Amino acid sequence: MKRIENFKSIIDKYEIIFFDAFGVIKTYQGLVPGIENTFAYLAAQKKEYYIVTNDASRSPVQLAESYHKQGLTAVTADRIVSSGMLTKEYLDLKVPDGIVAYLGTPESSHYIETSGLNTLPMSRINSSNIDKVSAMIFLDDEGFDWCDDLNKTVNLLRKKTIPVIVANTDHAYPLSVNDVSIAIGGIAAMIENIVGKKFIRFGKPDSQMFMFAYDLIREYRPISKKEIVMVGDTLQTDILGGNKFGLDTVLVLSGNTLPGDADTRITATGIMPTYICENAVVQSGEFGF
Amino acid sequence: MKRIENFKSIIDKYEIIFFDAFGVIKTYQGLVPGIENTFAYLAAQKKEYYIVTNDASRSPVQLAESYHKQGLTAVTADRIVSSGMLTKEYLDLKVPDGIVAYLGTPESSHYIETSGLNTLPMSRINSSNIDKVSAMIFLDDEGFDWCDDLNKTVNLLRKKTIPVIVANTDHAYPLSVNDVSIAIGGIAAMIENIVGKKFIRFGKPDSQMFMFAYDLIREYRPISKKEIVMVGDTLQTDILGGNKFGLDTVLVLSGNTLPGDADTRITATGIMPTYICENAVVQSGEFGF
Amino acid sequence: MKRIENFKSIIDKYEIIFFDAFGVIKTYQGLVPGIENTFAYLAAQKKEYYIVTNDASRSPVQLAESYHKQGLTAVTADRIVSSGMLTKEYLDLKVPDGIVAYLGTPESSHYIETSGLNTLPMSRINSSNIDKVSAMIFLDDEGFDWCDDLNKTVNLLRKKTIPVIVANTDHAYPLSVNDVSIAIGGIAAMIENIVGKKFIRFGKPDSQMFMFAYDLIREYRPISKKEIVMVGDTLQTDILGGNKFGLDTVLVLSGNTLPGDADTRITATGIMPTYICENAVVQSGEFGF
Amino acid sequence: MKRIENFKSIIDKYEIIFFDAFGVIKTYQGLVPGIENTFAYLAAQKKEYYIVTNDASRSPVQLAESYHKQGLTAVTADRIVSSGMLTKEYLDLKVPDGIVAYLGTPESSHYIETSGLNTLPMSRINSSNIDKVSAMIFLDDEGFDWCDDLNKTVNLLRKKTIPVIVANTDHAYPLSVNDVSIAIGGIAAMIENIVGKKFIRFGKPDSQMFMFAYDLIREYRPISKKEIVMVGDTLQTDILGGNKFGLDTVLVLSGNTLPGDADTRITATGIMPTYICENAVVQSGEFGF
């Protein structure tokens, strides 16, 4: 049985902390109580951090705003790395012009627009503009009619050979203590299976997410992977992805993995965090503020 | 390269013919032209037949009526074996009482009702009746709100351990010469993957479909599998299932498998029909009517 | 939490009992202690039984002999239904002549030979006989050189479009209290994935196994599925298959499913036995012998 | 139908070229005829290149030597990025001490040894050293007894929760114009399925391979992804992986993808190279040597 360790004593050993968002910093009920202390401590210790999240429904600026509204003012947009940003980078590099058809809310589509590209919701693709569609993106499970637009997507992708990007790899996400919601990653997997084509997925556990954050750091300072620790609540995304990228990892028990299940799940999946902590909270008493 | 053979010369060798419906007897445009001759010929030759179909959206009586309306009066309800009938048999044998929640049209649910069971669409399951839900069935892709009712289904199945039946294994079905529709089997696979539980599937290529028709025959006459031939347009369902059940099989090129693709697909999948025919039509000139 | 029930009181309710072999009648240590009482009780009550097993490594006669040697003399060959028998039926119906190449021991191949067919181990297929190979069968994980013969199988199946039968669907089987062995079903799945063709699988949970036993009974007496109960130790094969075929099912805790795990696994997989019993033993005191 | 373009005119547009090895630089028959001209041209133009290969059976030094023996003296070890190097990096970062059990030849294991680690073939793991095993690696399909050592691997991984690394993701590799060999990636997938644990895979199409090469370049010069082109013969690894990493891609028709199949496969898979070329050869006449 793996020992539960003190979160502060672990982050003291690293220079840079990567955090997952959902289940670590916030839950469906709002911020994890006391999490603001963690960011105050990091600031006091001059340690850096990034929030690495499979959330493509909003831009980093909007994600940061939502933290601020909830009272976590320390987290700024430049500290957020989302699967939506990888999507935007892909479009910048690989799709020079045309229309990008998407499934998601209008908000989710704005920040991926680039100079030469227009985004259009799937519902507005028709015979007059279908020839200009140069890519298709699964962004969010909201903002469209599932029956109409999913059938339309299947038929668009059967007819056109274009890059298809899944900006969120999750198949479901928690809605409340009892309920989950089908996520756009689950819907995309169904459609990929029906059309038989290969989609491009961005999001943990894929290394490209970690690489993106790692590269942001290297732009202003040298860093070794040994100086970074990844903190997450999900073995299959945060811990598997962090391990594979070569980082040490902390499993926290405040989200997806319940305290009573951690050992069983680690043994069953073979995915081993370097450490296990109750949550990612540094107690205010722990650093004398 | 496999030779295209004459359909009449093949069915002359067998006592009983099993037909797939879609792509063999009818297409999205209506009946396959001339197919009524085939049934006239079978009647003249006193050969029996069954239509073995992955269609759970209507009862055999309703399916027969739709043939009659299109002018194929020879096909009667007692000759139709559908995946919906296997679903009904399952409920008869294994679910003695309670409410069966379903996704599909009201029509699709009526014929599976049995003495002790009520069927209710997923939209009408709520806190007052959830305790009585004793099974859940995926019947048809129409008749419900995809977003609301699929999310409701996911959460129902996470909370209750009940038998879940998928009455149609297809992931998509043809709508027109160019377009397909997502089928309830594809939706069910997405939800099975999200909830991580094992659903019960009825439909070709599963042997139980063939067994059901085979048993109907044996109730009134002895028969050997060598005297039956299965006619279908899809390698992965009709031909694979027929072969595995021990039947000779005819691939027709009037539906899912295009004339130019047959050899490539047979080699690629390793699924070999005993014969290939252009379609399942006996020409009227062939039997002197 | 599901109640553990008394095995005798359950079989008293049924006319015919289907037993899985491994984990129910025997384990790697030999016969389940006291299991001979169960068969004595069935004889005294004039109840019938069949052993329905995913074992294609030996013929029913050889399987019965192995029970006799261990002291269970009541079980006769005509009461054993194996996935090997379905393989033999398939060859009888669908492969009229030629050579059947196989992976397995020579013993496993003898009983599937039919009038027009020769069986040859994969190691003896060469340029002089490859043209006559009309089917390929995965029978057993023993009796061949894994490296040489698996590579040979891959290349044979890439070149020839022939039926490929997997006579045992299990991916691993228990060898001792701590160890398992890779089963031929696991090896076949690897090769199916590499060659990209569709193999034909016989074995539980597939309905064809249950139908074979069901048909044996119907040859000499009328029977309803409601009068049969399936007894097994594995949710994914015995219980899922029995349920789907429409039978009531008993999960015994003497094999694959440990007493402490039964409820968790039933909830996780959604596969529900009708009953749970400690084992399939009728205590001798229970029927006054 | 996509146009076949001239290879020289394409690489003229990029600063750095990534090459796949098998099917691009060499085939089972040896070097691709004329490929030395390509490397002479790159040297003359002062363009850089990396060979990015899913080959973990030998170290970069040994891989370079094998090119030299065949007459391609231009390729040096520092230009080779293999999935074995990612494996070594993983061990350096994540496995500080103990024994690394491996499947493969002794040569394949030497170069992954690091200061604190010993490598031992699976055949030499026994009760005296099993407690010290801290990781397991699938390196090569040669150098071990498949039956004994694969069964041993399954049982080791059932008992110990340790990181498992698959150093080559391919499921098969070409041996001659007609034959393939089962690769260690295919074997690893079978075992992963049996033990139910999550293995760590290194190799294209995974981004980490491309990032490793990208990082090597950035150590000595600034570079943008727009200045790099990936050249490969396989859509599912080279082209999919290159595209996802944000690189332009060239599909060459000298290996896995045959000239007549390219368009069909691109449409079927949805994986689109930026360009298609016959091969990666710059004709000597093209640059006036």
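By letter and in written order, the chains are A, B, C and D; residue numbering begins at 1 in each of them.
One rule holds for everything that comes next: a contact is a pair of C-beta atoms (placed from the backbone, for glycine too) under 8 Å apart; a residue touches a chain by one contact, two chains touch by 3 or more.
Note that this is a predicted model, so its numbers are computed, not measured.
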{"item": "Reaching chain D from chain B through chains that touch each other, fewest steps", "value": "2"}
{"item": "Same or different residue numbers at the chain A/chain D copy interface, by half rule", "value": "same"}
{"item": "Centroid spacing, where centroids are CA-atom means, of chain A and chain D in whole angstrom", "value": "28"}
{"item": "Chain centre separation (chain C, chain D; CA means) in Å", "value": "41"}
{"item": "Interface hub residues of chain C, defined as touching at least two other chains", "value": "none"}
{"item": "Overall pattern in which the protein chains touch one another (line/ring/star/complete/other)", "value": "ring"}
{"item": "Which chain pairs touch, all of them", "value": "A-B, A-D, B-C, C-D"}
{"item": "Chain D-facing residues of chain C, complex", "value": "145-147, 150-151, 154-155, 158-159, 171-172, 178-182, 186-187, 189-191, 193-194"}
{"item": "Complex contacts: residues of chain C adjacent to chain B", "value": "89-90, 93-94, 157, 161-164, 195-200, 206-208, 211, 225-226, 236, 240, 243-248, 266-272"}
